[in-house]
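Look at the two complexes coming up: chain A is in both, with chain B in one and chain C in the other.
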Partner chain A sequence: MSQLADTLARFAEACSRNERLRQMNHDWNRLILVQPDDADPHWLFYQGGEAAVVEEGGEPDLIVEGSSAVLQNIFSGASTPTEPYMSGDLRVRGAQDDVMRLDIIALLIWGE
Partner chain B sequence: MKTVVSISLGSSRRDHRAELTVLGEPVQVSRRGMDGRLDRALEVIHALDGRVDALGLGGVDRFLTVGARRYTVPVGEQLAQAATATPVVDGSGIKAVWEPLVVEQLAADRILKPGQTALMVSALDRYPMAAALEAAGLHLVCGDLMFSARIDYPIRTLAELAELGQRLVPEMVKLPFQRLYPVGSEQEAEPDPRFLRHFQDADVVAGDFHFIRRYLAGRLDGKVMLTTSTTADDVEMLLARGLATLVTTSPRLMGRTYGTNVLEAALVAVSGVRAEDPAWGDTVRAAGLSPFVVRPNPREVRA
Partner chain C sequence: MAGLKRALPLRTAVSTSAGLASAAINFLAVAELAGYAGGRSGWLAILVAGVLITLAAGNFSELTALYPSAAAIRVWIRRGASDQLSMVASLVYVGTVVFVIAADAFVLGHVFLAALPGVPGLLWICALLGLVTLLNLRGIRVAGWVQDLNGLFLLGSLLVVSLLALGHVPAPHWHAALQIGPNWIQALALGVFVFVGFEWVTPLAEEFQDSRVIPRGMFMALGLIAVAFGLFALAAQMVLPAHGLASSPVPQLLLGRAVLGGWGFWWMVVVSLTTAMTTFNGGLATASRFVYAAARERLLPVRFSRLNARLVPQSALVLLAAVALVLAAVVYATGVYTLLINVGAAVESFMYALAAWLVLSLRRREPHRARTFRMPGLPWTTVLTMVVFAGLGVGAATTASGIPGPVPWPLVFVAVLAVLAFWYVRQVVPRLRAPAAAGARIPPPPDV
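So, the complex of A and B:
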């Protein structure tokens, strides 16, 4: 398993364990494609307040793109998504509300 | 006569001009909506710098205060820095001192009662009002995540609001302001009904009127609303939906009530005292401000 795959698995597990995030995301069912510029893609799936890494998906609701290092930093909590997003090092495509929700999840999940 | 101008990132269709009396002195006030255009707002502020006595910022905050912490909002700061001679205020000085006093008075008058549920559409930009409502014994439901991010998660205590604010605000203020607050034509969009049940469950609806209007889809029978910046059409619309009591924290002039930034700009223009000065609290309390209260059947107006 790659380092990013391992980080995403821990991110999904932390989301699912976090009661507040489970409540916030109870009605948020989304498929997220995490696409490193320099490696194979990964898929995150949110449903009923729980998150999981899945093997493959269909049409994604959100696409998160960047270098493996940037994605690794964001999903591990080493850095916040805002600055790489504003600088263009992180690219997120999807509905604006979904993009903001993913920002908020990333900001809330680490340090609780 | 002193002159103040409010530069709002909101719709220009709400522009107006009037005369206020503050500390016994008349002040000419006007609002100029920029329809969401930041570049235009910067140009206008630059053009008015040194030509008016104070400038207000509408539709964007310069500072957000959450508990003991104050966060600078980069866009608001950028706008404020566009003026070098004229003071620029965002209304946070009025929110910090005057709005809690209004809540205390409404509680003393039994318009607000312990045990009521108060929906604050956005509490992070009005933390002192939220704190005053909680201190008056009301149950808070803060809608910051609902109305700014469309996340159906009501925040039910001041402590959780502060905790979430400390985690989210330092990053969220870096995002484009249009993602967090309705500006330009968004202020005139049809109401979004997705959080209707929180309005239905509330006894009191409080906070920024643009957020309220953006999500206000149902009836308001028997409810109290505590807000600012309403026009005569807004008041008619609220009463037609059955609102029992409308309280605006600013006085009504020529059919409309003004935003906190307008009041603060007028007060700064007349007194020369700014919100960061130790004398600010006394200046606000001495200003003779009064809330505007409307109660239909019969409509009782107290100004």
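So, the complex of A and C:
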């Protein structure tokens, strides 16, 4: 398992354990494609308030793109997503409400 | 490139770009520029401004093709110039959105005062701005198709009413349609204001399957705006007496009445209402999310990143609505709405010049990064854009604003705004960022 895959698994576990997130996202069902610029893609599936890493998916609701290092830092909580997003190093495609929801998830897990 | 399950269509790019540019205050901008154009050539100033704006649209197209991001100018200026300039420009830019909301509130107040004279206009402003704020706070979003329909309704209404008006213009009046007065450059500078906001569709770039849709949408929207408002300017100058056009805060209602009587008057009341409400809604939604993002990166105090139970940035939304309301009340009481038009035209013109410079800078700094749209004719087209829009910006900032005396108040206003933003970025932002710089992360707030 790659380092990023391991980090995503921990991230999904943290999401599923967090009671506030479970309540907030109970009706937020989304497939998220995490696409490093320099490595293979990973899939994250959010359903019924629980998150899980899945092998592969169909058309995603959200696509998160950046270098492996940037994605690793964000999903491990080493840095906030805001800084790389504002500098263009992190790119997120999808509906703005979903993009904002992803930011809030990171905020609730690791703080500001 | 992987495809999104749900992506916005081209028509939303067109309607968003056209809808955000088509504010109710545009009717007053047309009336103001008609006064400067001389003869009845206001339409020509709008058309030429539209042609020049396509240069700006080309630059925004390349920037959004390079970095398709909701953070838009914040990212482009940071990559192409510096973080500090990016922060200053972003703060000034979001301020312009609030001015446009306030200016539209002023127009709306006068529209209702003309339609229902028994109720004070300021009461309508408070009620309608409050209603939009409340709907936003409750997380009720206007559906995309409603925005699409509204854009079509405005532009279609202008076309029909203007063409009906022009059908009755006697032949001798037409010779003045090409008469250009000595202040035509000022008219051209104000013509830029009619298109202001067309580029605010770029923050939606992440929601489209293909970032090439944004340039297409912007160019189509510019064509529609130029035709609709150009015809409106021509019809208004042909049908309405020059003094009536210049002195009325509701020229669209006058034209509607002149063409179709009471029906035309009420038709234009509805057009003004839907246009202003769209501006309120679009402006507040976009600006409040910008303020949220700015607070998340501690460009603004962290309290503005607080969300309510419906995940709406409520402190940011209430702050923006309150500022817009105060500004609208001041403008309503003093009647100096031309100050807002001129400031808006100046800030946007300077922003278009800056966007041109960013295209050049990013071609040099990041020559190998993929671009799905490339501005043709570099460097000459971008240099031309910079010179033209810097000049038009100065022109708009030094145009009379309705306040007596020789002081160019729009220029003073823009300068004070920029200096304040610069001071804030230099003095306040480092203090807001001090905890993060020390490696501290604040626990999640209980009210998110």
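We adopt the following convention: the second predicted complex is superposed on the first by the 110 of 112 C-alpha atoms of A that agree within 3 Å, B and C clash if a C-alpha of one lies under 4 Å from a C-alpha of the other, contacts with A are read in each partner's own complex, and residues count from 1 in each chain.
Rule of thumb we're sticking to: a residue touches a chain if its C-beta (ideal position, glycine included) is under 8 Å from a C-beta of that chain, and two chains touch if they have at least 3 such contacts.
As the structure is a computational prediction, the values presented were derived from the model and not from experiment.
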{"item": "Superposition-derived comparison: chain B or chain C, residues of chain A touched", "value": "C"}
{"item": "Touching partner for A:Gln23 - first (chain B), second (chain C), both, neither", "value": "first"}
{"item": "Chain B versus chain C as contact partner of A:Ser87, first or second or both or neither", "value": "second"}
{"item": "Which of chain B and chain C A:Arg101 touches, first, second, both or neither", "value": "both"}
{"item": "Contacts of A:Ile63 with chain B and chain C, given as first, second, both or neither", "value": "second"}
{"item": "Touching partner for A:Gln35 - first (chain B), second (chain C), both, neither", "value": "second"}
{"item": "Intersection of the chain A residues that touch chain B with those that touch chain C", "value": "20, 24, 80, 82-83, 86, 96-97, 100-101, 103-104, 107-108, 111"}
{"item": "Chain A-touching residues of chain B, taken from the complex the two chains share", "value": "145, 149-153, 164, 167-168, 171-172, 174-175, 179"}
{"item": "List of chain C residues in touch with chain A within their complex", "value": "2-6, 67-71, 74-75, 78-79, 204, 206-207, 289, 292-293, 296-297, 302, 305, 307, 311, 441-445, 448"}
{"item": "Contacting residues of chain A [partner chain B, same complex]", "value": "20, 23-24, 26-28, 80-83, 86, 96-97, 100-101, 103-104, 107-108, 111"}
{"item": "Chain C contact footprint on chain A (complex, rising order)", "value": "20, 24, 31, 33, 35, 41, 58-63, 80, 82-83, 85-88, 91-97, 99-101, 103-104, 107-112"}
